[in-house]
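See the structures that follow.
Below, chain A partners chain B and then partners chain C, in two separate complexes.
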Partner chain A sequence: MTDVQAEVIEGLVLCRVGEDRLAVRAREISSFDVPHAGARYAGEGFSPQARAPAEARLLRHHDTALVVDTVEVHSERLTLLSVPAVLVRAWGGALCGFVEAGGLLWPVISLERFAQGPEVVS
Partner chain B sequence: MSLAASPLKGRHRWLTNLSTLAVLSGLLIATAYASVTISFPEGTRLAFGLILAVVVVVFNLIGDTIEQRRLDTLRELGDSALAPTPANLLVAAREVMRQPEVAFWLSLSFLALGPLVVGGLWSLSSSVPPQVVLQVSFVGLIVSPLTATLALLVSVPRARQLLRELVAAGLPVTTLYAGVPVGFVLRRRLMLFAAVAVFTPLLLVADLALTRLRGLLTQLVSAPEAAAMSALADAQRSGGLWPLVGLVLLVMLMVSVSAWLSGSILGEPLRELAAETGRLARGEHGEARFIPGEYETFAASGAIAGMEAQLVALLGRLGQTAGELSGATGALAGGKGPRRVQNLDAASSTTGELARSAKEIAANALRVSELARQTLAAAKAGRDGAEGFMAAMVQVREGNQAIADSVVRLNKRVQQVGKIIEFINGIADKSDLLALNAELEGNNAGEVGRGFSLVAAEMRRLAESVMHSTREIGGLIDEIRDATNAAVMATEAGVKATDAGGALAQKVGQGLSRILDYANQSADAMQSISLATSQQQAGTDQLVGAMAEIVESTDASGAAARDMLAAHDQLIALARDLEQTVAKFKVRS
Partner chain C sequence: MADVHGHLVFACGSSLYAVPADTASEVVNLPSLTRVPGAPGHLLGVFAHRGEVLPVVDLTRLTGHPLDEVFKRAVVVRTPRGAVALPASRVLGVATLEGSFERLGDTGVHQHLRGPARAAAGEVAIIDTQTFIEFLSTAG
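Moving on to the complex of A and B:
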């Protein structure tokens, strides 16, 4: 049995997409911006009919951009909870784990993978 | 220590007995003569007889004491008070040879002085006319030479017998002949014997005749008439002659005995010497024999004994020389000379080889000496190098230790820098989040907050740049930490290596020091060997020269050897003649 050291993450950007929640490492976000056409909405990953609200925010990291409903910066140190590999593959390889913040579980994703869509997962 | 009974016991008394008897005989003659010729006054005969007896006893005791005191060594040898060593026996022999002379002088003294003493005492005790006293003294003077001669002559045979016994007891003959002084007085003794033999009877007869004639004339003058004178003459003719005849016969007997004994003094030694020389003439030699004698006969006997000893030794050496001469000529005939020449040639050749070998040895010794010197120099250089290496190793060790200390300090500094970088990174991380938050807030503020968002975004880039730099610095610090750890380990290994190298260098230095000592000793030894071989070479060169001269001399003597070979036949013949001549002598062992 291998003892896996739990990763500690300091600096998360907590995002809400509809009723769902996402967390991205702060270092994976270069800037916040206003959504523009062609930018991928994170809610499409949960429901294809989902549409971004008007006050949505664009998360940018180099050429990658993802639109979410709201954004909140969380600077406390949080422990990354590991997830099974099957669940990681179900998320298209974009799921890194879960953190607990504000009494809720937040899935931590890789912005670049999540922004590329489900075709990347396969 | 008790000694065994000596065969010489009592011989000192035995030696002097006959001389005492001779004195008593002389005393008897003197008494008889006095009784015939002297007219003793009436009443004095008894006194005369007593005085005579006392004087005879006293003088005999005195004479015996003197004689025995002159034979002390002989008496002590007889009593075993002295060991019969050659020295003691020689002293006894001297005493024995002196004894006849002692007996002579004692008898002469006592017979001459005794009547004087008797006459003096007699005249003191009785009224004796001085003429009678003089007659008594005169009788003693006449009889004393004959008595002394007789005492000497009767002592000689016993002295000779005792000398033979001393020789038999262990006195070497040569010691006896060499240790007894010889007086060459035989002529005087023979003259004395002859004079005594002739004059003593003459004086006695003359004195007797004069005394009788004087008494007859006195009686004739005092006769009253012619008839009385005729009667006195007839009485003188008819009687009173027999005592005189008896007295004369007694004197003649003593003279005859003396003459016979004096003749034996010469006769016996001469007879034995004649036999000994005859034996020598026949070539029968042996150990020297003792032939007793006196005066010149003793000297002649000693000379013949010495001659015999010398002759025996000479014959022995002569025989040995003849044998050696025969052997030498035989060896010479056997051709040892040529072999000697061959041996000399071989020796010369061997000496030449020895000289060449000595030269090679000297050259090798010189080279080895030079190599030893070079080895010594190299050992010195090696020792100096080892010492320098040890000093360098010490410096290297100190340097390594300093490096290790510096690296340890550097590692600590790097760790501190790493902590600082982590701290900066944490700050940059916080700054990044703050700037992200500020950018978000500025973005939420719309156009108003746009500038704020731009500043926040720029701050985020700065923070990210700082974090990137700190990550690079962290990598560099990790590399530096690894490098310093490796450097620490390397320096520690270097210190250990320098320690081992120092110990090894110290051992090398000690070994080189020992090598230096050995090389020094070897250099000294090789120098001594070189010197010795040089001297040996010089000596060998001299030997070669000497051998060359010997060979030349041998060649030169070859001709002489051939001449010698030609002459050796004559030498062999001569040796054989010599051996035959020596063989004629019969040497008894």
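Moving on to the complex of A and C:
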């Protein structure tokens, strides 16, 4: 049996999206901003009808932008749990893994891939 | 045809399902689930269990007969292709099944169900766990 070393993440941005949660590696975000028209709302990943609240935040990295409800920077080292096989293709393969923080499980996404939309990446 | 290896039989709503006993690793109490963006409707969410993330797959939605039932327990099925938790209304235990082991359909999840087999509690659909998890991995 192969002993696979678990990946450790240091520096995450924990995001609330309606009743749901997402996390993004801090190094994938260059700035927080005010949302602009046309930026994808992360809530679409959970419900196509989801709409961003008035006081939403924008995660930006170069030309990539994603709107979330709230953000919280988490600096502790966390173990990245693997994506189950049945979820590898979810939201175009944007899921990188999961972390446990504050007693909750958070899906960790690639900001760039998530912002591109749910089309399946082959 | 008789069952040689034994199956774990469980109820999901009014339907009975069975998985090979050697792929049913445990029965767990379901905690609150974390929803995953882009997950198909039959995937209710995930939970962390002993350092592993387990997806919870609702058989009632997958077979087109969704229930409003809030499931409290699940059967964890583990194969080399991955592990899933299948919510159960009741877990009836390991039984030797008899009857048909033919595929129940040619499309969708029914390709991965076999039967109808018979257990003491009634007719059972047997989940072909290997191909079932492969199917879930490609189902949108």
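Just so we're on the same page, the second predicted complex is superposed on the first by the 118 of 122 C-alpha atoms of A that agree within 3 Å, B and C clash if a C-alpha of one lies under 4 Å from a C-alpha of the other, contacts with A are read in each partner's own complex, and residues count from 1 in each chain.
In this section, contacts are C-beta pairs under 8 Å (C-beta built on N, C-alpha and C of every residue); 3 or more make two chains touch, one makes a residue touch a chain.
Model, not experiment: these values are computed from the prediction.
Enquirer: Based on the superposition on chain A, does the combination of chain B and chain C result in a clash or a fit?
Expert: With chain A aligned, chain B clears chain C, so fit.
Enquirer: When the two structures are overlaid on chain A, which partner does A:Ala42 contact: first (chain B), second (chain C), both, or neither?
Expert: After superposing on A, A:Ala42 lies in contact with chain C but is clear of chain B.
Enquirer: Considering only touches as defined above, state whether A:Asp33 meets chain B (first), chain C (second), both or neither.
Expert: After superposition on chain A, A:Asp33 lies in contact with chain B alone.
Enquirer: In the overlay, answer first, second, both or neither for which of chain B and chain C A:Ala54 touches.
Expert: Neither partner.
Enquirer: On the A-aligned overlay, A:Val71 touches which partner chain: chain B = first, chain C = second, or both, or neither?
Expert: Only chain B is touched by A:Val71; chain C is not.
Enquirer: Spot which of chain B and chain C makes contact with more residues of chain A, would you?
Expert: It is C that touches the greater number of chain A residues.
Enquirer: Please compute the chain B to chain A to chain C angle from C-alpha centroids in the superposed arrangement, rounded to the nearest 10 degrees.
Expert: Apex at chain A; the opening toward chain B and chain C is 90 degrees.
Enquirer: For A:Gly11, select first, second, both or neither according to whether it touches chain B, chain C, the two together, or no partner.
Expert: first
Enquirer: For the combined overlay, can you note the least CA distance between chain B and chain C, rounded to whole Å?
Expert: 24
Enquirer: Find the residues of chain A that appear in the contact set with chain B and again in the contact set with chain C.
Expert: Dual-contact residues (chain A): none.
Enquirer: Which residues, counting only chain A, touch chain B once they are in their complex?
Expert: The contact residues of chain A facing chain B are 10-11, 13, 26-27, 29-34, 57, 71, 73, 75.
Enquirer: Considering only the defined contacts, which chain C positions touch chain A in the complex?
Expert: Chain C residues touching chain A: 34-39, 43, 46-48, 51-55, 57, 81-84, 133, 136-138, 140.
Enquirer: Show me the residue ranges of chain A that touch chain C in the complex, using the header's touch definition.
Expert: Residue list for chain A touching chain C: 19-22, 42, 45-46, 79, 81-92, 94-95, 98, 100, 104-107, 109, 114, 118, 120.
Enquirer: Looking at the complex, which residues from chain B come into contact with chain A?
Expert: Those in contact with chain A are residues 429-430, 432-434, 436-437, 439-440, 443, 453, 457, 460, 464.
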